[in-house]
């Protein structure tokens, strides 16, 4: 530390100081919300329009994939909830499934967050929860050709032959749209095995980290819509007109993003000025 | 069209592998990350600390894009283990993938055998930690306790990449990273000293062995890359002139 | 099994499955029973490997506990947690057909595992913060340009960017939709080609590693 001037110190601040500053910065907006407006971008708008209006007919079957675990609820769950609500309001029937072992928790959360929409829906007729599947891309490929072999039972161990909705769902040809919400690669499994192979309409509700990878697929038309992270969830909440968790989280997003930029600027000011001094 | 391009790719690679096997010399540029592996092992030997290898949790072998990354990482593991066996250093392989576990053990055992030291292979040096959170925290814990001098983070990673790599940075380890997952590349580039980007991960085996027919396959791959660049350029020009038959043709199989 | 059979069987099996999958993907729009059966086997094998992982975990931690290795207490704790969750899930499964229909299992999952998982995910933000602070330095022109682009993208992702300057969202969107997309596409293409080349070499037995039985031929 001795011999360090202000510029050297600016570029070598202990990371623990930043951790505390970041923690406090993230907490303050929860106590004192600011509520800046959220502008909706085209990829999110395309996603919402793809699951509403003329793009979905009553009775259409939609697959909604819980590709995220509890740890990613803040990024994926709000957008997923909005899409489920939108599909139910269009009269679509939804097949819920997931590649995470905590998929039941995510399903319970969805049912809680969209309780008004689930209230008049009949399990087995309007929606079904198939539960967790292991087997990765092989299972997704098999789901496209023969869904009943991947899921001989639903999550509650009811044989699919006894579920009315499943009588109409055997493979890709019976599905109008697939919505995958991922922290990983399950969306890309659907991309290769459903959209690429059979042309099924596919959209992604992903975490912010995967956004840069998903943009080319959206621009190429592989995804008809794309929601990125908490911001995408907040945009979907704006579109459906029901602010929720993602909108609440936007204030913290604002604070943390500003803080990162400030920290990077500080470090570079210190770096450039110490180089000039040298 | 995709099928035709795929067959063309195989033909090109096989042709150049054939040429390589029959005496034609192909050179590929040096991969600094591969060249740094002996340096990493040497650093561990000097400091008396182990080397850590870990392949990331994304690379399940039944995934068509992630699985090959794990297999490529295991190829690198074998090379690292050979160096480690030569130097008499310890290695820890923390593998979060149950389907890759037997392959990791087999590779390490084989590497020790090729160095004539089969008795030095310790099966407990292969650790399995399942689940992303457990894997992340378990690897961080290992780093904090054992203080590996060098970490080799190659394979398919999800968001654990930034945490594990930053953890390695905290303990001052020399870090060699490599992944084909675009969303994790920036984090590994920011935190690792050497990096294998995208296809470099897959070419590592050829770069290590300098085997002529393996290098030939990379030459074949480059020829197909040239073809794709040409198609892209031509398609761009045709598209600007509103002629779309090429794009339509490429979209069909 | 002899060394020859070990290699040849692996190659033969991989080759046959590869050809089956190619033929099915390119020539069979509908279900092809042969490929479908092979995929089912792949799913079953993957599920078996999960059990293999479980057995490995138990062995690892039993060794650690038995030999009183360093931090053996954590291995013992792991074994206790493993047994409790396994028994809880099995009881729920055999009594009600659903593993999660058990109070102990649910309590541990909802109140211990879930918060811990969320916490580790949240740690990512802090680590990205410290990595960004440490690594994003304008050491040369390229780094400076990347830094500036990164700041625009970060600020455009948050509503506050528009408040600071109305041009930030437009510039950030340009970087996301136009600036970085060619680079991403290039990575995807070369990564895919590299993967195809790797698979081809592995199928022919030219690649290092377990396929070749170790090292080089």
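In order of appearance the chains are A, B and C, and numbering begins at 1 in each one.
The definition used in the following text is that a contact is a pair of C-beta atoms (placed from the backbone, for glycine too) under 8 Å apart; a residue touches a chain by one contact, two chains touch by 3 or more.
Values in this document were obtained by computation on a predicted structure and should not be read as measured data.
Peer 1: Looking only at C-beta pairs that count as contacts, which pair of chains has more of them, B-C or A-B?
Peer 2: Result of the comparison of B-C and A-B: B-C.
Peer 1: What is the chain whose Cα centroid lies farthest from the Cα centroid of chain A?
Peer 2: B
Peer 1: Which one of the chains is closest to the middle, using the mean of its C-alpha atoms?
Peer 2: C
Peer 1: Whole-Å distance, chain B centre to chain C centre, using C-alpha means?
Peer 2: Whole-Å distance between the two chain centres: 14.
Peer 1: Report, in whole Å, the distance between the mean C-alpha point of chain A and the mean C-alpha point of chain B.
Peer 2: 29
Peer 1: Touching two or more other chains, which residues of chain B qualify?
Peer 2: Within chain B, residues 60, 62, 65, 132-133, 159, 182 contact more than one other chain.
Peer 1: Among the residues of chain C, pick out those that touch two or more other chains and give their numbers.
Peer 2: As it turns out, chain C has residues touching two or more other chains at 42-43, 46, 50, 117, 120-121, 128, 130, 132, 134, 136, 184, 188.
Peer 1: Chain A: which residues touch two or more other chains?
Peer 2: Correct list: 69, 71, 135-136, 138, 211-213.
Peer 1: If we count contacts the way the header does, which residues on chain A are in touch with chain C in the complex?
Peer 2: By the definition above, chain A touches chain C via 11, 13, 15, 18-19, 22, 36-39, 41, 69-73, 102, 104-105, 134-136, 138-139, 141-142, 145-146, 149-150, 155-157, 171, 197-198, 208, 211-213, 215-216, 219, 229, 231, 250, 253-254, 256-261, 263-265, 267-268, 271-272.
Peer 1: Which part of chain B faces chain C closely enough to touch in the complex?
Peer 2: Residues in contact with chain C: 2-3, 6, 9-10, 13-14, 17, 60-62, 65, 68, 71-72, 74-75, 78-79, 82, 98-99, 101-103, 106-107, 110-111, 113-114, 124, 127-130, 132-133, 136-137, 145, 159, 162-163, 165-167, 169, 180, 182, 185, 187, 190-191, 197-203, 205-206, 208-209, 211, 213-214, 217-218, 220-221, 224-225, 228, 253.
Peer 1: Residues of chain B touching chain A in their complex?
Peer 2: Its residues touching chain A are 58, 60, 62-66, 132-133, 158-159, 181-184.
Peer 1: If you look only at chain A, which of its residues touch chain B in the complex?
Peer 2: For chain A paired with chain B, touching residues are 69, 71, 135-138, 183-185, 188-189, 192, 207, 209-213.
Peer 1: So in the complex, the part of chain C that touches chain B is made up of which residues?
Peer 2: 22, 26, 42-43, 45-46, 49-50, 52-54, 56-57, 60, 63, 70-71, 116-117, 120-121, 123-124, 127-128, 130-132, 134-136, 184, 187-202, 204, 206-210, 213-217
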